[in-house]
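Lettered A, B, C and D in written order, each chain numbered from 1.
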Amino acid sequence: MEKKRKPYQLVSREWKKEDTIIQLKNTAIGGGNISLMAGPCAVENEDQIFTICEFLSKQNVKILRGGAYKPRTSPYSFQGLKKDGLILMRNAADKYGMSVITEVMDTNLVDEVYQYADILQVGTRNMQNYQLLRALSKIDKPVMLKRGMSSTMEEWLLAAEYILSGGNDKVMLCERGIRTFENATRNTLDLGIVPLLKSVSHLPVIVDPSQGTGLREIVVPMSMAAVLAGADGVMVEVHNQPEEALSDGDQSLYFDQFNDLVTKLKRTAKVLDKNLDLESEKILA
Amino acid sequence: MEKKRKPYQLVSREWKKEDTIIQLKNTAIGGGNISLMAGPCAVENEDQIFTICEFLSKQNVKILRGGAYKPRTSPYSFQGLKKDGLILMRNAADKYGMSVITEVMDTNLVDEVYQYADILQVGTRNMQNYQLLRALSKIDKPVMLKRGMSSTMEEWLLAAEYILSGGNDKVMLCERGIRTFENATRNTLDLGIVPLLKSVSHLPVIVDPSQGTGLREIVVPMSMAAVLAGADGVMVEVHNQPEEALSDGDQSLYFDQFNDLVTKLKRTAKVLDKNLDLESEKILA
Amino acid sequence: MEKKRKPYQLVSREWKKEDTIIQLKNTAIGGGNISLMAGPCAVENEDQIFTICEFLSKQNVKILRGGAYKPRTSPYSFQGLKKDGLILMRNAADKYGMSVITEVMDTNLVDEVYQYADILQVGTRNMQNYQLLRALSKIDKPVMLKRGMSSTMEEWLLAAEYILSGGNDKVMLCERGIRTFENATRNTLDLGIVPLLKSVSHLPVIVDPSQGTGLREIVVPMSMAAVLAGADGVMVEVHNQPEEALSDGDQSLYFDQFNDLVTKLKRTAKVLDKNLDLESEKILA
Amino acid sequence: MEKKRKPYQLVSREWKKEDTIIQLKNTAIGGGNISLMAGPCAVENEDQIFTICEFLSKQNVKILRGGAYKPRTSPYSFQGLKKDGLILMRNAADKYGMSVITEVMDTNLVDEVYQYADILQVGTRNMQNYQLLRALSKIDKPVMLKRGMSSTMEEWLLAAEYILSGGNDKVMLCERGIRTFENATRNTLDLGIVPLLKSVSHLPVIVDPSQGTGLREIVVPMSMAAVLAGADGVMVEVHNQPEEALSDGDQSLYFDQFNDLVTKLKRTAKVLDKNLDLESEKILA
């Protein structure tokens, strides 16, 4: 699709033909599986994270998402439970045999987050934080690189190239919506970038329709659309009491909406002869 | 999803709860059917349009798209066959029992296009051409209103409101990509707007992934994604010789890609317990 | 500044080296003069337009702006006085020896607007209304082509090329803000395009900071900035009672703000050894 | 201009009425002076930085800009001389009695950059790097906060609020262009935000037309425009051999262009009864 010489190399299909598959202890990302990552926007307290985690484990969800360090636009907003949040999330995930994905916001926090997480997430505001990318290139755990809110595909792949060129090839990309003039949705979820990424790169691509739209009512259809666009997985926010959530409650699914999502994604994956990762046998850690 | 009072009325679900269904002689748009509109970007000559039309009719495609009057960025580009193009398209469609959708660019052309088309299309550059919208509010044929390339959902619905408030309620909306900073794709196809539109309005929503992405390689996945996002139909460009096309060849499907599209869309529609319109019995005009 | 072959020709400096100067009966646009066009967003009634016109004539303003046919996002908003508005504006301008600029929204209205206006304006929503551009290429009066709200410089110059290639070389361009993610201002006034336009094209460039920002408080500084960016003129909205205006009152200057604008623009123009057109002798029509 | 309650406080004019003035050893920023910051995009070697610095000192420029740690889109691009670059810049500035502004990219680098710089700059990619903002809120040197390339004014002011609320009130803002659909210029310089910022905030506002446009030919007019829009200063890139520059040569001024800039900015500042900071007496450090 692109003729001109690409400025990236290690992330490209020309460099490596076959899909990158990222192996976790209890599941794998990429290569045909559809991963479903779910959890609250932010870890708020023990009760909340254990309640959500127990609920998710009944659906056999393999990967728990949750924010411990939260980048917030205002210094006066809830900034996360920090290390306490990491510990709570780790404990909840361990109890229910799940993997943990959570954001690392700064080079100084890499060691701490590494200790508790199975996947380290780079947030949209840090996609071009090159010191952080270099630090993550030196670890042996997977990294999920969210797209910068105004980053082109090329800039995004070059940010991934920072991690791969430093020595860490366990990288997945996450489309989470871009900033445009339209504000009927919080961001504009750019699903067209998904098949394009899959053709030029071997890295797994995850889609986050919660951040991407900001509206829980459209998370289910957009998750299904993401899978048929070619995504290797979907990350969604779910909360036991969305209307009480300390951050981003409007985009968090109710439990029954999440159950509906699972049912519909199973049907959707079949169109491409794929399966959701939660359809595979449960493996306790 | 929206709390503040809406500036539009007739197009809203609050005004009319049930889906608008637009009846054509050989099919219907909206209300559960998935419509597939296909044809070349521009009508180029008799051989081209009849060849394409014959091919499409074998797949039982009900609605032929094609440009006779083409809005082109440069005055030096091919501007379409104009009235001759309309006649050719009408003849080809009649031979194969299809309906015709084509663009009307100006108030002065409404009568002429009305004579040959079954659906009159308002192009992205004319979405806020209010004189044209008013002229189309006075006719008794359906109108497809493409989204302006930088129009918000609210502006789009207000443009539709011009047509309904003038007396024509046979209006469908067509998402065709918005203009953003990203140029890996020609436009950014905003699928997130589809479920939102369906919740606030009763009008059918069509998605055009050919214009929306500009890349034929991703038209198939994006068409499938559009259907699961909730679209009532998909409009695609197809050409017997895309590499020779007089306009937009890069985004036109080859015939075998189109066949693949039909197969995959049938499977996709089943996820929502819907059918493609071309799965219903063939009715010759 | 640009190396690749340009897709436009007649509008380029390569085609014509010297600045295009557009001669009106009472002033000239381009070629060193700084034109100041002013008036209400919309003509509302006789008293309003005569009051404003009388005020402007005291400052020796040469060109009266005002909308008679108004393109409005909602069909339920005030749509302008139409032909009555054209007549009122013409009468007011004639009484005070001014030229008239007003928008033409449709091919069907070209003859009517031609009769009353000295400059015909193409609005932002019609920049790519090619039938209208072609109709305006056949007249012998000047045309001001506003930039489409999401049009690139190249698309804009190609739209101007439609008019020149049809035979009318009295074309000026008007930057009026583009649509971006930022909504602190109504649009984002792209002053950087002004010196770029002046280097690639010989056409006069006008800047409209009223539409461009939507905030009267910043119209004065942005007008001064526009002149030093290289604009050949500024178009502003002024109203005798902005808070009562039927459209866009928030961006209309009060009379005393307009007087301040004139004082400051005179000083500003001197930096470039230029003069405002209203500093030249008053010529009654 | 804004009616709703603002989410920021310490940065607002409502909190502090009078302009913030940031005192350096050899000049002051804000409060009526027009600051001119100049230097190369990146420090490349001793000869380059001393040559440029000597040239600038002849014009009595007070603040030297230059990158030692360079955030680059590709991991394979020149990343700056790092600490060696800081030392070179400090030595050159000291020899010629200038202050130094340079970027700090990471919390781990705050101490090092603090040692050599007089003003610490936060780059566009780090505007929402909240750990970095918090670290900078604890130092006693001024911080220049560049606008994120897709940040709204509100997000920008909230990022500044992070620094002020942590204890450092020596903050200035720098508009450097936003990302839009237009790519005739590298970014879209949003001058309209300048008078708006000055009305809602007491912080000094600097404009960077080099980054903002990416085209040296339009840096001079855009600098003049910035001053009349209300900016407290301008930051430009200048290089002894732009065509040989290791980064961003296309936007760096030649020496004679810089001299022209100084002449024209002096005239421009007079329009507002202001002076360039380089017009004041030379003070050797």
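Here is the rule we go by: a contact is a pair of C-beta atoms (placed from the backbone, for glycine too) under 8 Å apart; a residue touches a chain by one contact, two chains touch by 3 or more.
This one's a predicted model, so the numbers in the text were calculated from it and none came from an experiment.
Looking at which of A-B and A-D shares more C-beta pairs in contact, the answer is the pair A-B. In summary, the pair chain C and chain D forms a contact in which both copies contribute largely the same residue numbers, shared numbers making up over half of all those used. Centre-to-centre separation between chain A and chain D, using Cα means, comes to 35 Å. Multi-chain contact residues of chain C (touching two or more other chains) are listed as 150, 179-181, 183. For chain C in complex with chain D, the touching residues are 1-2, 150, 152-154, 177-178, 180-185, 188-196, 199, 209, 212-213, 215, 217-218, 221-222, 224-230, 264, 267-268, 270-271. By the touch criterion stated above, chain C contacts chain A in their complex at residues 150, 179-181, 183. Remark: chain A residues 7-8, 71-76, 105-109, 125-126, 128-132, 149-150, 155, 158, 161-162, 165-166, 179 touch chain D in the complex.
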